[in-house]
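In the two complexes that follow, chain A is the common piece, with chain B as its partner first and chain C second.
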Partner chain A sequence: MTAPVLQVKDLKTQFFTDDGVVKAVDGVSFDLHPGETLGIVGESGCGKSVTALSILRLVQEPGRITGGQILFKGTDIVTMPGDDVRDIRGKDIAMIFQDPLSSLNPVLKVGYQIEEAMEAHTKISSKVALSRAVQLLKQVRIPAAESRVEDYPHQFSGGMRQRAMIAMGLANKPSILIADEPTTALDVTVQAQILELLRDLNEETKTAIILITHNMGVVAGLCKRVLVMYAGRIVEQGPVEQIFKDPQHPYTWSLLQSIPRLDADRKDRLLSIEGLPPDLIKPPRGCRFHPRCQFRIERCFHDDPTLMDVGPDQEAACWVTMRRALARDGEARA
Partner chain B sequence: MATAPGVATPEEYVGDTLAREQTSLWADAWRRLKRNRLALGSAVFLVLLLVVAIISVFWTPYPIWRQGVAPTYQTPNSDFLLGADQAGRDILSRLMVGAQVSLEVGVGTQIIVAVVGVTIGLIAGYFRGWLDGIISTLINIFYGIPDLLVALILVLILGRGLDKIIFAIAVTRWMDMARLVRGQTFSLREREFVEAARASGTRPNKILSRHILPNALGPIIVQATFGIPQAILFEAFLSFLGLGVQPPTPSWGAMAADGFHAIRIAPHIVLVPAIALSLTLMAFNFLGDGLRDALDPRQKR
Partner chain C sequence: MKRVPERAPLLRAEEVVKHFPAGLGASVKAVERVNFEIYPGETVGLVGESGCGKSTLGRLITQLLPVTSGNIFFEGVDLTKLSGEKLRQKRRELQMIFQDPYSSLNPRMTVGDIIAEPLENFGLLRGRAKDKRVQELLRIVGLNPYFNNRYPHEFSGGQRQRIGIARAIALRPKLIVADEPISALDVSIQAQIINLMEDLQKEFQLTYLFIAHDLSVVRHISDRVMVMYLGKIVEVADSAEIYRNPRHPYTKALLSSIPIPDPEIQSKRRIVHLSGEIPSPVNPPSGCRFHPRCPIAQVPTPCADLEPPLEEKARGHRAACHFSEKVPVAV
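On to the complex of A and B.
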């Protein structure tokens, strides 16, 4: 296998608030290989967006990266001088955001904003920049791209705005594109188109994609590998098919059980995970998921599990694992 | 592509229906301003005033400084449309040059205020921290000192040239603009498109000039429009006290002061500059109101 383009090692990002230190990301490690598609899923506040912002060192005060390494092609972004990080942003690692309307400047033409993304890193004439902007809009399948570059963001539909954002992200041919909830603000039909576009672009340009979402379905549509985050930590990771077929962490299992399915019996009730995500200022002792876990055992209350191999290429941080939990439930019922 | 004649291909169809008229933010604002009769009327009045001021540079009915071109205290007649003052100088001529002085003071002051206030406000709002602390303290100190005192001291030290008076008034007037721009920058820097620009490696100076400033331009224009009449009034007030532009250059404030002792026998000497001043101030304020309504995107109809 080729060397990873991005290695995150024991990343810790904390927010120093008046109420205490919020451990938003608490020891996250993962590798990203060139051209790979990686999904990061979890509910609101589990640290997935903060992980993404940390990679580009965009975490704002009172937040700070307090530990770990983020190696981009071997160099550590965490300790890099600010100017060098700015050179990486948008050139090597690009990011697109959740709401495409608020991510585009309302007073500037779409074409100008794409050109600006290029001009931030390379000296090119405005004529070349314009033709490249048109080409990028075509690449993200915007019809009549030649006239559309002259439009303002409010003249674009929601899906087209997100396409334009993706065009901006791809402007400098980055090796990594981080998409933070790229489809959350869009209609379901448009969501599918955007996912399809990202999948095609991943194949065409070999840009590695990190997709951040709370939607398991979106991950299934795009990613080959998935990380499940809970309370600032990775609780399970592995290939998408494997995780969907055979989730081992009760949290992953619950997330999958909470997706409505067309082929399920109408009388079946959707599973909802009881309770709220834990307070990250004072996380629970033991396994962080134990207060909400229906399969917990005595050990979960005081002993904090780390990622352990639970299958081919699959790791989960759980003392019980679903394999044993379901077997146990089967016995109890028998 | 094989399609029936007269039927547009999907590409043509999409391109055609989506190609709407180009409406920028400014075109939109202009459309709304045009519907506001009062603001539009004020704008027309101010353009006329500007034309009069420009004409007065080259031509006035009578030389403004020459005394005795008319009988002293002459009331308006066909030769002297607005009458003459206590020294027999033509009031219309002096009013025209006074318009020039007033506009120069108003616009000149606001240019200085805009440059200084916008720069300081952007820096304080974007970089925050200790820089903002110093600037905010400075703004509060300037608010604490009476502006008349500052202006009087500056005029006494620097002299009574028009440029010096413009500078003195600007010194007492930059804080409103700085505070407005600082607040706008505070809220704009948290917007997602600014974060997106940061995430694509855009430098702070470019973020400020291309992303934050254009989005704050509406309120800045409105603030400057309201600032102009304040500056004009302040100059008129200084001139009324005898501390404005050096005579014989006429200023509306000084003209009103000249006629003040004779208000019973020749009220036109006071009334003419006073009415001109009032109309000008009102026009700027109505235009400012209109601009505020037109540039406020929440009022979109």
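On to the complex of A and C.
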């Protein structure tokens, strides 16, 4: 196996608010290998976006990375001087966001903005930059790229703007593209096309992709590996097929049971996860999911589980795990 | 199957049109000659992408917007002919749940006052009886009855949506139009609200028009589904039927685009590509409005010059397509 291009080790990012310290990311570790597609899923406030922002050192005040390491090709981004981080941002690690309209400058031509992204990192003539911008727009399947390069963002539809953002992200041939809810603001038919584009680009360019989303279906379509986050922690991780077929953490299992599926006949009732995600200023003792978990045992109330092997290449932070929980339920019923 | 077709519809829309002025004599044709029925006790899903006119149609039904032309019969009474007090009285039976539980609740009113407002508007209950009813409503939607003195900001998104639902059912309406009621909520909370809406439907014999862009949620909750594209209803069928056997190429494309949370199935699916973008509703395309993007269109004849009627293709299954038999079978 090749060396990981990114290693996140025990990352802690906290927000120092008037109400107290919000432990938004609380000890997250994972590796990303070259060309890999990694999904990070979870609900609002679980820490998935803050994890992504931490990787690029873009966490805003009152937030701060308070611990851990983020090794990009072996060098720690957390302790790197600001100028060096700026070199990496947009060049080695690019990021695209949910709302492409607010990420683009409305008074500059789309092509110019892509050229700018290149010129920030390499000395190239404007002629070369322009032809490269056209080529990038073609690569993200924008028709009539030669004339579209002269358009302003408002002349693009939502889907095309996100394509333009992806083109900008790929401008410097980064090794990692972080996409934070890239399709959430888009209609479903456009979403499907953007996901297909990301999948194709991953194959063509071998750029590793970190996809951050709340939508399990989106992960299923694009990613090879997935991290499930809850309350600032990774609660389960592993290959996508494995996690979807045989989830071991009750949170992952419940999430998959709670979403209506297009290919399922109408069920009587969806499984619902009662209660709300916890307050991260004062997270619950023991397992953070225990107040909402229907499979909890006594140990879960006071003993905080860490990630443990639960299957081939699969880890979950749970004292019970679904295998045992479902077997137990089966016995109780028999 | 809840629907008994012989029964009289609770609501019938006939040739409903809504145009909004767009300046210089132009108009946005948001809803164009739409016909449908909703039967008592059923849930009808209304799906389509942004700008298709689904929310406008929801607001026309509840008469929050006046129609440009056409009629909307509610229990046989034409709502578009009513005004003033008569319309106000009818509105008791037609309530709405909105998408954004943050902006649809007045931040300066207590939750108790928000839920009591409809009761007061119609002078139904006063004093202790009113307070008791408010607390009962809070309990019905799964909230602590003693939260009535709290303000909306003290609640989470899911809890606020419960408050919006309590307000909507306060007058014991017959029809509730729910406009994207769960799309602003987190995944784990969405199931709570869907289950609540289903429980309330059974308990109070409610009829729902459920407007959403997410076809998987709509398939789960609806008895029948209507698909809208650019101001027109292009297909109507039972929800299992529309999924198994879509008869309009737009429905087919929508279905193929919805990700299924199963990597094995998802990797084998093929999405139907729609060329181009949704055209402007100011100048909709001639003939079938979907023809410029349709993968099976035959232009110019008939698709570009003849508008296909929404007609019965199978029992209870209507579609507006000249070539509905050519739409490939499902996912």
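Going forward, the second predicted complex is superposed on the first by the 331 of 334 C-alpha atoms of A that agree within 3 Å, B and C clash if a C-alpha of one lies under 4 Å from a C-alpha of the other, contacts with A are read in each partner's own complex, and residues count from 1 in each chain.
The rule is short, and it goes like this: a contact is a pair of C-beta atoms (placed from the backbone, for glycine too) under 8 Å apart; a residue touches a chain by one contact, two chains touch by 3 or more.
Keep in mind it's a predicted model, so treat the numbers as computed, not measured.
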### Query
Aligned on chain A, chain B and chain C: do they clash or fit?
fit
### Task
Classify the contacts of A:D265 with the two partner chains as first (chain B alone), second (chain C alone), both, or neither.
second
### Query
With the two structures laid over each other on chain A, which partner does A:M216 touch: chain B (first), chain C (second), both, or neither?
second
### Task
Considering only touches as defined above, state whether A:A332 meets chain B (first), chain C (second), both or neither.
neither
### Task
Treating the CA centre of chain A as the corner point, state the angle out to chain B and chain C, nearest 10°.
80
### Message
Contact-wise, after the overlay, does A:L58 reach chain B, chain C, both or neither (first, second, both, neither)?
### Response
first
### Query
More residues of chain A are touched by which partner: chain B or chain C?
C
### Message
If we overlay the two complexes on their shared chain A, which of chain B and chain C does A:V240 touch? Say first, second, both or neither.
### Response
second
### Message
Quick one: is A:D187 in contact with chain B, with chain C, with both, or with neither? Answer first, second, both or neither.
### Response
second
### Summary
With chain A overlaid, the minimum CA to CA distance between chain B and chain C in angstrom is 6
### Query
For chain A, which residues count as touching chain B in their complex?
56, 58, 86-91, 94-99, 102-108, 116-117, 120-121, 143-144, 147, 150-152, 155, 165, 168-169, 171
### Query
Okay, in this complex, where on chain C does chain A touch?
49-50, 156, 158, 186-192, 194-195, 198, 213-217, 219-221, 239-240, 243, 253-267, 271, 273-274, 277, 331
### Task
Under the touch definition given earlier, write down the residues of chain B that touch chain A in their complex.
11, 14-15, 18-20, 22-25, 191-193, 195-203, 206, 210-211, 214-215, 217
### Message
Which residues of chain A touch chain C once you look at their complex with the stated criterion?
### Response
43-44, 157, 159, 187-189, 191-193, 195-196, 214-221, 240-241, 244-245, 254-256, 258-267, 269-274, 276-277
